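Letters A, B, C and D name the chains as they come in the text, with residue numbers starting at 1 for each one.
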Amino acid sequence: MTDFEYVLGLGDDALVAAQRLAQWAARAPEMEEDIALANIALDQLGTARLLLTYAGELEGADRTEDDLAYLRDDRDFHNCLLVELPEQDFAVTMAKLLFLSAYQKPLYDRLADSGDERLSAIAAKARKESAYHLDHASLWTVRLGDGTDESHRRMQDAVDRLWPYTHELFEGEHADLRAQWLATVEAVLADATLTRPADGGWTPGGGRQGLHTEHLSYLLAEMQVVHRAHPGARW
Amino acid sequence: DHLQGYFEAIIEADQKVEPRDWMPDDYRRSLVRQIAQHAHSEIIGMQPEGNWITRAPSLKRKAILLAKVQDEAGHGLYLYAAAETLGVSRDELVELLLSGRQKYSSIFNYPTLTWADVGAIGWLVDGAAIVNQVPLCRCSYGPYARAMIRICKEESFHQRQGFEILHTLAHGTPAQREMAQDAVNRWWYPSLAMFGPPDSDSTHSERSMAWKIKRFSNDELRQRFVDMCVQQASVLTLSLPDPDLRWNAEREHYDFTQPDFDELMQVVKGNGPCNRQRIEHRRRAHSEGAWVREAAAAYAAKRAVREPAGV
Amino acid sequence: MTDFEYVLGLGDDALVAAQRLAQWAARAPEMEEDIALANIALDQLGTARLLLTYAGELEGADRTEDDLAYLRDDRDFHNCLLVELPEQDFAVTMAKLLFLSAYQKPLYDRLADSGDERLSAIAAKARKESAYHLDHASLWTVRLGDGTDESHRRMQDAVDRLWPYTHELFEGEHADLRAQWLATVEAVLADATLTRPADGGWTPGGGRQGLHTEHLSYLLAEMQVVHRAHPGARW
Amino acid sequence: DHLQGYFEAIIEADQKVEPRDWMPDDYRRSLVRQIAQHAHSEIIGMQPEGNWITRAPSLKRKAILLAKVQDEAGHGLYLYAAAETLGVSRDELVELLLSGRQKYSSIFNYPTLTWADVGAIGWLVDGAAIVNQVPLCRCSYGPYARAMIRICKEESFHQRQGFEILHTLAHGTPAQREMAQDAVNRWWYPSLAMFGPPDSDSTHSERSMAWKIKRFSNDELRQRFVDMCVQQASVLTLSLPDPDLRWNAEREHYDFTQPDFDELMQVVKGNGPCNRQRIEHRRRAHSEGAWVREAAAAYAAKRAVREPAGV
């Protein structure tokens, strides 16, 4: 049977990614991008809801998507560190999205063919969305990498900063997805005239075990504040 | 002359004026002003509701609110596109917004203080917008009328969502109910003020009516809105903060207290609670995004050189 | 008898000011200033605790300082808007502190002589601290105003932005304190080669009635998150 | 020679070397390195605890924590002043910190994840610091020894506060108790690693001992710390995360599992969870504050011209 914490981790990835993307609402660099980022946030949020609902069923303790989203502390979140990092710079947002979607796409492809019918149905829907996210992030990575000097510098800086966090995506059973991920990402970086960072050195992790950065608890404090202030209320 | 006559005949016959048609300069200017103001309002209007996306109290509500704010960006884009058919560019209009030379709806200069404000904005502010905008679907200028049809459809969806939020809160815990009533109390008069000054003081109305840009007067629309809200408030089991609100059997309308038009004028002049915050937020987003837009332009220029059209 | 909401408002001013100042911890422009800002934050926090405790007693509903600080929403906070405004710029912090301390000082002077013994004792302690805050803020206002072109521009900008919010301080029974406040502040601004903004136009208010800016609820979400996550716990 | 002989006699007699005294270059360099690293640790150490000031769960705890972080800034200042007596400036040392050429204690490269971490840092990290630092109060270099006396007094105050936080949590609700145990589990081994590599691998120790900068070996101090913590943990009713921890009657010490020194070396090399975050935070604070420091300098220069000394 599919593991509760595994599904929870996937759901938390999507939920935290959605929350970070939603912070761009009404402050994207152009209006079309406001719409695109909201779209992607909505996709991630939609997948998060399906996954958290399913995780709750697997757990069998009657926890709903909202119980799981709003009533856990950061020590009980299983998302990878990548998605929780702050993104004040649009280049960081695009680098995160590139790395995340290049991982989610093949992962969902695989899950769509898994024996678990529920998970397979969720993944079949999500993989189409991931393909769009990957296209969007690739397009911007290339534009920014091959745009102006400033945008090149910012995009390279974002890629360099985030690269160490991508190792965590391929921990354990996902190790073999890295080859495909690298092929995708390396091609985009090359197109974008960006340097692919070296591996090794610092490889932060721990998110899947609930050991997060100091950023996540702030994100959750904001996300959960209204829900927690009204215990037991319906919305 | 001939062109003027043709234009007047179109208006008379309730036909649409299209971008290629001749139109009087004042008609064009008047439309640009109105459509631009409407577009700016959609863009600025993303802020007060966007303020609660990250804090929405359920994932379902978060998704609905995110989609709504996204719709507003979309409405902004349709409307800027409609204005562009009149020979101004979106960049020019955005510049006029950022420099304060063009306005947006004053309603967005009030703060959203609690989650219930998202409900109250949906119910009252979108409700007032619909009452204002439904007649614009028959506006004499084709592109604007068509944009409004699409927008009104989505707005009524938003209004129903706002109503649902308030309904859930009003039938929830005592704290939720109190939050809902408080939000309605704060948004009621600003919503009434959305219909503009009383007909006696309205500057642009008469000509707009003649041109069939506008079809009803401010006071007529305001009355229509009040009548609609009274019914809905009773379903919500929430009260409207007007002790003088009562049915007038003679007029077959509700009597009500007018909003404070002096306050409205203060807000229009820039002295509402959030005018500075809203415009600064927009300016900051615009200036912080400049390097991204420049990069996109630089990349497009490189591409154009590398891959000439048709290759 | 002294009014509960009045004392609560004074306490909320001090509490919210302390919370904003505490956000500077470990990021002040120089190490000495880290110490000074912490000192001032501690003073404000100390006064806030005394005032909130006293407010709780006046109310007579057994609410402690922590109940009042941690279990109210922004609609029930009575602080002036000035203290809740964000302060990412050191010039804004100093302008806020100048305006606040030039108001708290004569206010506490007056309360120290009031017939309410408790309030009088609290104010007698607080006014000495306010005198120090005022000195510190005046010193920096002059240094920044009469420093470099950049610091002058930033300091003037901060003064201009915050000036409208100072009108709220003198609502109602404090109206007559404004003359003394103006005398203090105008002298500092003159020393600092800064222009005293014109009155009139925009005079935001509402804080004393619980009508705040959109910033306060974020501040409270962060401040209250741990306390609220553990209802009834002792710390 | 004569000076060398005098220096050695001072050391031998357990007297203090003072700034005006001659000292060997290596002694000076060694002290500068150690005092600077200690000062940097106080400054960087403000961050992990500072992370919880705005979220402290009671006003009393908020005040205590704020005062503690303030004390750390004060310790940083004493220590930079002590280093300055050796002929380096604070600005130079800060530059060495920001550029990564000088280190700070690796313990601060771990994140503070919950409120209980504030307790665990106070109890374990300050506890370890005290065990390390108490012997430094007798260090042969006068200014450092005197700074340490003052610092140790405050540190033991901080340690007691950390202990109290954990004691309250451990005797509170089940969630609080769990939070406390979790924090102790996470901070235990990093705290043991604070005493540095095992004596067999320690590079600078021997000479420092001869010069009476250091008085006990890393392993001696680590053992002292373990013995102390076992007693206190039982009062806290919390366990230490080491299944092999037990009293050894022969040694009259507790046996314990050594920390993972490979992990320590990784963190020292820059690969701990928060190395980048901590140093970037410090760099950002420094660069964002540059305009303020420049303004203060410009103002002081103007004053000096306007009001010459003595006027």
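Convention: a residue touches a chain if its C-beta (ideal position, glycine included) is under 8 Å from a C-beta of that chain, and two chains touch if they have at least 3 such contacts.
Just so we're clear, the structure is a prediction, and the values are computed from it rather than from any experiment.
Colleague: For chain B and chain D, which third chains touch each of them?
Modeller: Chains in contact with chain B as well as chain D: A, C.
Colleague: State the pair with the higher C-beta contact count; candidates are B-C and C-D.
Modeller: C-D
Colleague: From the C-alpha centres, identify the chain that is farthest from chain C.
Modeller: Centre of mass proxy via C-alpha means gives A as farthest from chain C.
Colleague: How many Å are there between the centre of chain A and the centre of chain C, using C-alpha atoms for each centre?
Modeller: 40
Colleague: What is the distance in Å between the mean C-alpha positions of chain A and chain D?
Modeller: Averaging C-alpha atoms per chain gives centres 37 Å apart.
Colleague: From the C-alpha centre of chain C to that of chain D, how far is it in Å?
Modeller: 34
Colleague: Could you check chain D for residues that touch two or more other chains and list them?
Modeller: 55
Colleague: Which residues does chain A have that touch at least 2 chains other than itself?
Modeller: Correct list: 73, 217, 221-222, 225.
Colleague: Looking only at which chains touch which, which shape fits best: line, ring, star, complete or other?
Modeller: Looks like something else, not a line, ring, star or complete graph.
Colleague: Please list, in label order, each pair of chains that touches.
Modeller: A-B, A-C, A-D, B-C, C-D
Colleague: Please output the residues of chain B touching chain A within their complex, sorted ascending.
Modeller: 43, 46-47, 50, 53-63, 66-67, 69-70, 73-74, 76-77, 80, 115, 165, 168, 172-173, 175-176, 281, 284-285, 288-296, 298-299, 302
Colleague: Flag every residue of chain B that touches chain C in the complex, lowest number first.
Modeller: Checking each residue of chain B against chain C gives 51, 55, 111-114, 182, 186, 270-271, 273-277.
Colleague: Going by the contact rule set out above, which residues of chain A touch chain C in the complex?
Modeller: Chain A reaches chain C through residues 73, 217-218, 221-222, 225, 228-229, 231.
Colleague: Could you list, by residue number, the parts of chain C that touch chain D in their complex?
Modeller: 15, 19, 22-23, 25-35, 38-39, 41-42, 45-46, 48-49, 52, 65-66, 69-70, 90, 142-144, 146-148, 150-151, 154, 222-223, 225-227, 230, 232-235
Colleague: Under the stated contact criterion, what part of chain A meets chain D in this complex?
Modeller: 73-75, 201-204, 206, 211-214, 217, 221
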